[in-house]
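Which chain is which? They are A, B, C, D and E, in the order written, and residues in each are numbered from 1.
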């Protein structure tokens, strides 16, 4: 049984069919590339998988469990975590708090214990603080931990988003164009980072327009166009697929 | 500000306030401070919705009224002791707040504001119309003074000390909450609902929770008010009251609980202090609101840390330039 | 004709454009390419005055327009087809087009321009009473371009006109852009689809994280391995960056 | 304000606090109070004040808001110069302050509200207006006995005042075997009564009893006229004001009300007051609110003068003397005597009607 | 009686409509709320009344005066309360307008006094009897004038260049700017229209009830806001629909349920409608694209 089984996912907006009968299988520990021209429906598929959008129809089995009717936040509890194409940080909160929020599902303080500030809550809070700082160090953000997130540079914001996602202890990580707006060296470290993430046992689905990045890290690739799957296979297979070249890669390939 | 510093400033403030009766013995001053204390609780609790969670609720006075009437009825009709009525009115108000929250949260932005305004009017009009329950337009007089474990509170000074304890407790509760996991989740919801959901935060659960806690304290404030004036009537809980609480929050700084206390204090004291201006008093009140929002958009208290931060930043930039050069 | 000198722009405190230079000559078709988030849209938005915080010189016909509002930039003759199209969803196609010539007070002149546009885009004529928001992506893109032409601009700025379009529509759009350019209107084209863009353009610029990294004749850029490395990238997947 | 509270040397005036609506929804009634109070104070002071001490008024604007009334009460109570308080306007505002005045032992002379139980909070609370129990019953009797009404409708302001009118009138009408076909409430902020009036008109009552103030009454009768309502209107004493005539125009022709003061055969005090009023404020006639305010301050001054005769003027002595008031010649009632419940012992009401744009005594 | 109540409701609704379209214009363009609209209405009413009473003008000149004063006041409000906060939260303008409304009420109370003032012209003279229903002359004036103004507004919005710009601005603020529209002028224009209508409404309502007083704008503006919300804030036709509906609901509640519960039911219906259609009857629902 694969970790992720997506069957016949369809998503419509009014009359617009953004996704039509998408099937996709992802094995545990895999890095799965998802490509396609602008407007192909990649982000929409992410939204459906993460629970931001309700699928019009179809099924999403995660680790043997049907999760298609679960809410977004409930799926996070199962380890389905995403980043956003248009970065969405908690802009008026500090960098540290942004990462701490990643621990939300992994901690248990409730309204009452928060107010009582019990020993357990304090212990938990210390744990979150340590772990968050640790994560920030790993991503090289420790110096800006007390800055408001909106004051970060674009590259730092991207890294913070990944730090927050990792704090959620994902089993499946959906990365939506993480390299967008990064310079070459940043892209290079990102690539290493994605590989490191894989070694942590996290399955990744990666949407990326940066082909050098995508082709080198992906085990499998699915290609969408106009809301439909037009190809899938290894990077080598996909790169020479004439339909993919025509629809996406362009004749220059 | 660091939590430790907040706590030490808080304790210093409470000690100073608690010492007031040693210095002055003036019923009127106690009365004004007592009213400020009630409004501090109201402003802090509404600030949790408005400032921390980003819910534009304009019906807080309705919950204040529900608390007041509940407590009045529990003591007058069921002859419950004050302590029981006080706690129960908080709980009952919170339950109603919870009930209102579920549908209300479908509304966004100004629609939520208008919906809650409508709710406020409905509650006031029901208080006028449901004579058999609420005493109708004449209200419910003769509410007993609080009796806490055998000690009867009836002097303005005693009321003042009691509300001081309650307001300080409220402040601590909300301040603790907001710096905890729960509070962080609320702030995240205010910043970006979609990102918050994607961080695993149950939006409805937290919003309803915020409504529940906020209305719980509004109910407590209402109960205290009822037993303080020993009289409740529908006039006390109209939209004007909701607007006044809103103004206190804005004056002190949206999302800032210390600010809410300061705002409540200022907007209770300023109109009292300007009583001698007679008809011009309302003008002063209006101008206070307009000018504060224009000049200090982040409030009297919010302004201070921001100003300091700006200076700190300027300093840091100057340093950076030096290093480069 | 258009000259951008040392342009910088900020979103809040974040600098998105770090001082770029760019020229578009009379009747030229120039393309600006670069990866996602490189600052292409920000550049166009700065030119037409949509960016609140910007610095540097922008000259149009030697006139400094760097402090102009969008309205006065348009009055000078520069029209922008924005990223995301910015169609007015509840207005009909015809009303959307009329908004394009808002600065033209003469109703007769507007009617004439409208007819010209309908001739160019028969599909829009068919849909003239339909609400803009209900058009398909391709139709919306045509509407956006057509609306910009309603202002009779001397220069057209296009921000990813092929975005969200089916490949054959993409071809149509590109030949349309060429046609517009041939009719004497200067064009500054921002594109993701760089191969297509470079194949119709006279000259090209490559932008990366807010800095201009390469510029030159379109033909040269098309075959420049540096461009492919910086932007297209996939050719050297094996080398590993 | 400590300086305000302290007795200052040389100022031995007698201070009277006034708490009422000088802004907000009831501001126009507060403005009328001021007119009556000013005349009373001037008169008393012109005669050398009380026992050589001038009367001074301290106005505080409560907006008839219970919460503010309580604040003002605390303020007045601690101001030792104040010997009595006048106000508030509504029962709500009065009641919210009553416990404070009562506990401090300062007279709360709520001369305006007419709630039958207004004075129940204690022996420092006094009333001047005939209660709604008295007024409404008199109105009902007028309808059933003199006008021989078989069907009566009641339209009332949804406050304690209006409700008291309604409750008592309905009871009294039914006691006389007449039918109450409708009783419709409205809010103090309402200005549109057409829906209520259309409904009432359908039921075809002979008499419509109003529990309203004069502004509402003028609007109600204008709209009734537009709708062609034919019934006779009987309203409570609060409508006796020239403002009713100017606002209502010919629509209020034929309105009957029971005034608290006798315009047909005015006593000496009333004549005197009317003259003063017209001299000071122009041609128009005084209204209920001004007349009662005038009486209220004079009653306080009288009680103070009486206590001065006995010894010192204290808050307590003022209360005691006020409670003992007997046959005091007033403008509203020819003679005022207080009952043990600190209400008028035998209030007299004077039927008047609007005829040719004027209030005239009503005779059948 | 039903028909008569319908007429009553329509008259009331027409008066709400004159204010409600103002809310629709302002909230539609700026997505922000004003609490000073009722006072713009009230000040207009007093301006008209003063013009008529003090300068012996006719009712039409009075209307012009009311319009002019309200218009200026509306533009001032926009400058003080809205322009500085275009991008910020809707809370600041809400608060400032609350402050402004307090100031205006207090100001008029000081200048004009607290007493309710009558309208110097008698306009209730004509009444028409139509088979048991009675319609007064002023009712016809109120409904007629409202219809006329609404028609003019609709024509302006749908047939003129600036009307088009106004609609476009409400749909896409920056987009309209890009088309060469001076969006500041459009915002000012919508405030001017809203306020001028409020001024007219002020004098008309004051004359209709024959009562002018400083707090005359408080309740009617709250109702108009409710009506605009009911119809879908931002939609001018929605505001009209909402107003007429609210007027009808009110008079029918009084007729068939109870006067005391009139506003309870009116607000309950408002909330119920919002729960079913969170953007009102004719409002647009926008799904946020992630």
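The rule is short, and it goes like this: contacts are C-beta pairs under 8 Å (C-beta built on N, C-alpha and C of every residue); 3 or more make two chains touch, one makes a residue touch a chain.
Chain identities (UniProt): A = Amino acid/amide ABC transporter ATP-binding protein 1, HAAT family; B = Amino acid/amide ABC transporter membrane protein 2, HAAT family; C = Amino acid/amide ABC transporter ATP-binding protein 2, HAAT family; E = Branched-chain amino acid transport system permease protein.
Just so we're clear, the structure is a prediction, and the values are computed from it rather than from any experiment.
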*How short can a chain-to-chain path be from chain A to chain C, counted in steps between touching chains?*
1
*Could you find the chain whose CA centre sits the greatest distance from that of chain A?*
D
*asked:* Quick check: how many Å separate the C-alpha centres of chain C and chain D?
replied: 76
*Determine the centre-to-centre distance between chain D and chain E, using the mean Cα coordinates as centres, and give it in whole Å.*
36
*Once you find the CA centre of chain C and the CA centre of chain E, what distance in Å lies between them?*
42
*Using mean C-alpha positions as chain centres, tell me how far chain B is from chain E in Å, no decimals.*
32
*Check each residue of chain A and list the ones that touch at least two other chains.*
52, 84, 88
_For chain C, residues that touch 2 or more chains besides their own_ = none
*Touching two or more other chains, which residues of chain E qualify?*
105-106, 109, 260, 263, 290
_Under the definition above, what is the set of chain E residues touching chain D in their complex?_
1, 4-5, 8-9, 11-12, 105-106, 109, 113-116, 118, 122, 124, 127, 134, 136, 138-139, 209-211, 213-216, 218-219, 250-255, 258-260, 262-263
*Which positions of chain B touch chain E when the two form their complex?*
50, 56, 103, 106-111, 113-115, 117-119, 121-122, 125-126, 128-129, 194, 239, 243, 246-247, 250, 254, 279-280, 282-283, 285-290, 293-294, 297
_Complex contact set, residues of chain D against chain B_ = 2, 5, 22-23, 59-61, 64-67, 70-71, 74-75, 77-78, 90-93, 95-96, 98-99, 104, 115, 120-121, 158-160, 162-163, 185, 187
*Of chain B, residues touching chain A in the complex*: 173, 176-177, 180-185, 187-188, 191-192, 194-203, 209, 213
*Please give the residue numbers of chain B that touch chain D in the complex, ascending.*
26-28, 30-32, 35, 125, 128-129, 131, 136-139, 141, 156, 229-231, 233, 235-236, 272, 275, 278-279, 281-282
